[in-house]
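Chain nomenclature is as follows: A, B and C, assigned in order of appearance, with residue numbering initiated at 1 for each chain independently.
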Amino acid sequence: MKQNKYKGWLYLLPAILFLGVFMVYPLIDVVVYSFEEGFSFVTQTKVGTGLYNFRYVLHDTYFVQALKNTFIIVIITVPFSTALALLISLALSSIKPLRNMFQTIYFLPYVTNTLAVGLVFMVLFKKTEYSDGMVNLLIKAFGGEAVDFIDGPYWAKMFVMCLYTIWIVLPFKILILTSALASVKEDYYKAARVDGTRPARIFFRITLPMISPMIFYLIITGFIGAFKAYSDEVALFGTDLNAAGMNTMVGYVYDMLYGNSGGYPSFASAAALILFAVVFTITCINLMASKKNVHY
Amino acid sequence: MTASNTPVNDATEDRYSVLVSEAASARRIRVIKNVLLYTFLIVCALAVLFPFYWMILTSLKTQGAYNAEVTPKFFTLEPTLANYTEAFTAVPLARYFLNTFFFTAVTTLAMMVVIVLAAFAFARMSFPGRNIVFSLFLSLMMIPNELVVITNYVTITSWNMRNTFLGLILPSITSVFYIYLLKENFEQIPEELYKAAKVDGTSDFKYLLRVMLPISKPTLVTITILKVIECWNSYVWPRLITDDKNYYLVSNGIQEIRQNGFGRDNIPAMMAAVVVISVPLVILFLLFRNKIMEGVSRGGTKG
Amino acid sequence: MKIVLDHLTKRFPNRNKKIKEDVIAVDDVTFEIPDGKLIGLLGPSGCGKSTTLNLISGLETPSAGRIFFGDLDVTVLAPENRGVGLVFQNYALYPHLTVEQNITFPLGNLRGKDKLTKEQMHDKAVEAAKLVQIDQLLERKPSELSGGQQQRVAIARALVKTPSVLLLDEPLSNLDARLRLQTREELSRIQKSTGITTIFVTHDQEEAMSISDMIVVMKDGAIHQIGKPQEVYDSPVNLFVAKFLGTPPINVFNGEMRDGKVFIGEEAVLNIKSTENRKVYVGIRPEGFVLASGKEANVLTCDLVRVEVMGRDTSVVSKHAAYTGATIRSIIPSEDVADTSSDKVHFTLKPKKVYLFDAETEETIDFEVR
């Protein structure tokens, strides 16, 4: 057995190799990049070392716009989607016939290609020279004014953006919440019924506290996911998000790296680190809040 | 505990009849509640299904018919499959398909090999440094992809692997999370089986192949399905690493179609392409509905 | 409060959707529970006893029949309007609330003129907690309590609204053996000190016999026998009741009534007045056996398997060709056991501990000893 002592490492070797090259090294590298000033891809040279990249990014109007967009998306979609998912899950768990069918339908968006369905949303909302799109036709049919939701005013674009984000994130939340609700034992509700507890009190005093760990889990993952929003935006507004004024923080990172305004890994790294810091801080705050509010 | 204040105990005739009628109205309320519940659920279901319906519907309309609509038509009397021919001929949709299929199959397969070996090492083998390495692995779970993608892009570029399948596949071959999930599963298999196999002189590798893998099949299937969905929908990395249409995956293909395909405004043809791209996953979902939903609730988040 | 169940029936749709016929959980049950008594609802699992309890509490509505509390028809009333306290098998304590919050939870539902102030609630909680002797645990969470303490909290929660009826579903089944003994005395004490009509469901006959004022034996949704524990034990109405009560269980032989005698195999074991001839089951309680030398009249001869010494008593394990089970178990006072070296063992029977059941209907046949 002695010569086999290190055999475990052999089994681990592929995983360590891949993780080392594509995860650990990049992690160190991204920090190095972010402090290298004026680094050039072509010449592989830098001008100096310092905080210039961070200063540049924070003063970049595109970044500020991306930051604003991201925060709006987070603040609107996370609470709204969680609340809606809770409502749907509560409704689902209080019916029996057709429950499976509804669950299947609600889960469908999870398994679709974000880009592909984003295109459908674009078609529904977009105004082109040939057709005003379904939504605008409806608006006009009811006597309203057609709005271009894809290339039009900021609020219209943000509206579609949030709608699509909610549509995409709902399935996961509904799934988690229905199984959380199902895990609350029937006896608790029976006990409450014998005591004549009103539905609102049952919900706030029994159901909600019992599923609160899962709700906080959803809020935390929801925040993280919404902060990393990117492909949904591309699906609706195309790859040039800066021009559309709909860029997000992750989009900014990629644009700095590649694409029309790309070629600046140092700026991209600095932006990525700022994003990470923001997400990390918000997650910590969330965790502290959940510790306070989740008992047992 | 003496004086009793329950309704029944101090019930007078009046109070009793109030309670009886209360019970009757409670039954009526329950009926109304059910009607409201189902209405709400149906409305939500329609909102979820509508984009799917619209994309299929539009893909069956001719471009002229679609553009001529002044009020939206929610059905069509002259369905046409011409858009599907268009989708496969005007853009290399079949090519995107094959690419994605190849990419998904190779990535998933390679990943399964890597994570099975690693999970087995963590779950059953003892070697110096095991616990330290495992904690390091766990801490990697917190690292968002956005942070490492920059260097990976630089690495793959400097290896001259842009616009190659290798460049597409290599960075997504390991997943710390799946290693963790599988390790937990392996550990639930009684250690006695391993000891018995050792006594019989079975080699570690043979034991892994003959005992561990068959027992863990449900988890392996779950991981495979989740990875396939992830691969099929991956967009960001392929976009960074490919600009040659011959290496586009479906997501990039869709994006390409959106920007340049079908003369931009042939929306029915676009929708046909979208339908074609969405169908494989929807079929996979309907086939493995329970597996997928269970797998996702155990550890999937979108993307 | 007196409780009357009048032709109560509960049908459920079959879980297997292919079978159209309903499952009848409770089948035309009628009985009356006198005020202030402790009643044990006893039967094997699936006999409908829990459904009966749910019907009384109002959690289920009957398919037919009526329920009266006192003179009041409560059949259509909602659970909260019946004034029942219910204790669940796994207690169903809210894990995120403290003991006091759990106990006061039902009080928080009161509205209008019944509404209580915080102080009143606290006083009531303390009163209920004192009754079940957990008043020093009010600040704890259920997860910090032992099973027995959780049980008491659940009872306190059921009692805090001073219900007219207390219902307990398998109250002791989640406790270990020692706690079970202690808790059942506790239950009996609480019931006596409150005087509340109490019904508890159990599958454990020993539990039911030991504390109930009255037991109701159920099987397949129907009531087989109602009575004081000793009465039911002494004169079971049929083979099922006889077999269900008593540990070790009654010994049942294939036998025959012939010519004024009861035969087991070829041996006549009892002389009876009836001269009817029919096939019967002969049930003999373990304590109904008396060791004999073999020379007496009416002797039952069995093959000795082994003798188990239990201190005060000795258990003689033996076999007989006409026996319906595996081994016969008889309990003999230890001082009577002399010779155990032979491979045969002879018994005479105490007539009062012998029961005859019709071989077809399994109903008890009354007989008198000659």
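Operating definition for what follows: contacts are C-beta pairs under 8 Å (C-beta built on N, C-alpha and C of every residue); 3 or more make two chains touch, one makes a residue touch a chain.
The shown structure was predicted, so the numbers you read here are calculated from the model rather than taken from an experiment.
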item	value
Chain contact graph, described as a line, ring, star, complete graph or other shape	complete
By count of C-beta pairs in contact, the leading pair of chains	A-B
Farthest chain (mean CA position) relative to chain A	C
Computed distance of Cα centres, chain B from chain A, in Å	15
Averaged-CA centre spacing for the pair chain C and chain A, given as whole angstrom	58
Chain B and chain C, separation of their C-alpha mean positions in angstrom	53
Where chain C touches two or more other chains at once, by residue number	78, 81, 161
Residues of chain A touching chain B in the complex	5-9, 11-12, 14-16, 18-19, 21-27, 29-30, 33, 41, 87-88, 91-92, 94-95, 98, 102-117, 119-124, 128-131, 134, 137-138, 141, 167-170, 172, 175-176, 179, 221, 224-225, 228, 230-231, 234-235, 238-239, 250, 253-254, 257-258, 265, 268-269, 272-273, 275-276, 279
Complex interface listing, chain B residues touching chain A	34, 37-38, 40-41, 44-45, 47-49, 51-52, 54-55, 58, 66-67, 69-72, 113-115, 117-118, 120-122, 125-130, 133, 137, 140, 143-144, 146-155, 170-171, 173-174, 176, 179, 204, 229, 232-233, 235-236, 239-240, 250-251, 254-255, 257-259, 265, 267, 270-271, 274, 277-278, 281-282, 284-286, 289, 292-293, 296-297, 300-303
Interfacial residue positions of chain A with respect to chain C in the complex	185, 187-188, 190-198, 201, 205-206, 209-210, 295-296
Chain C-facing residues of chain B, complex	1-9, 11, 16, 19-20, 22-24, 26
List of chain C residues in touch with chain B within their complex	1, 69-70, 72, 74, 76-78, 81-83, 114, 127-128, 131, 159, 161-164, 194
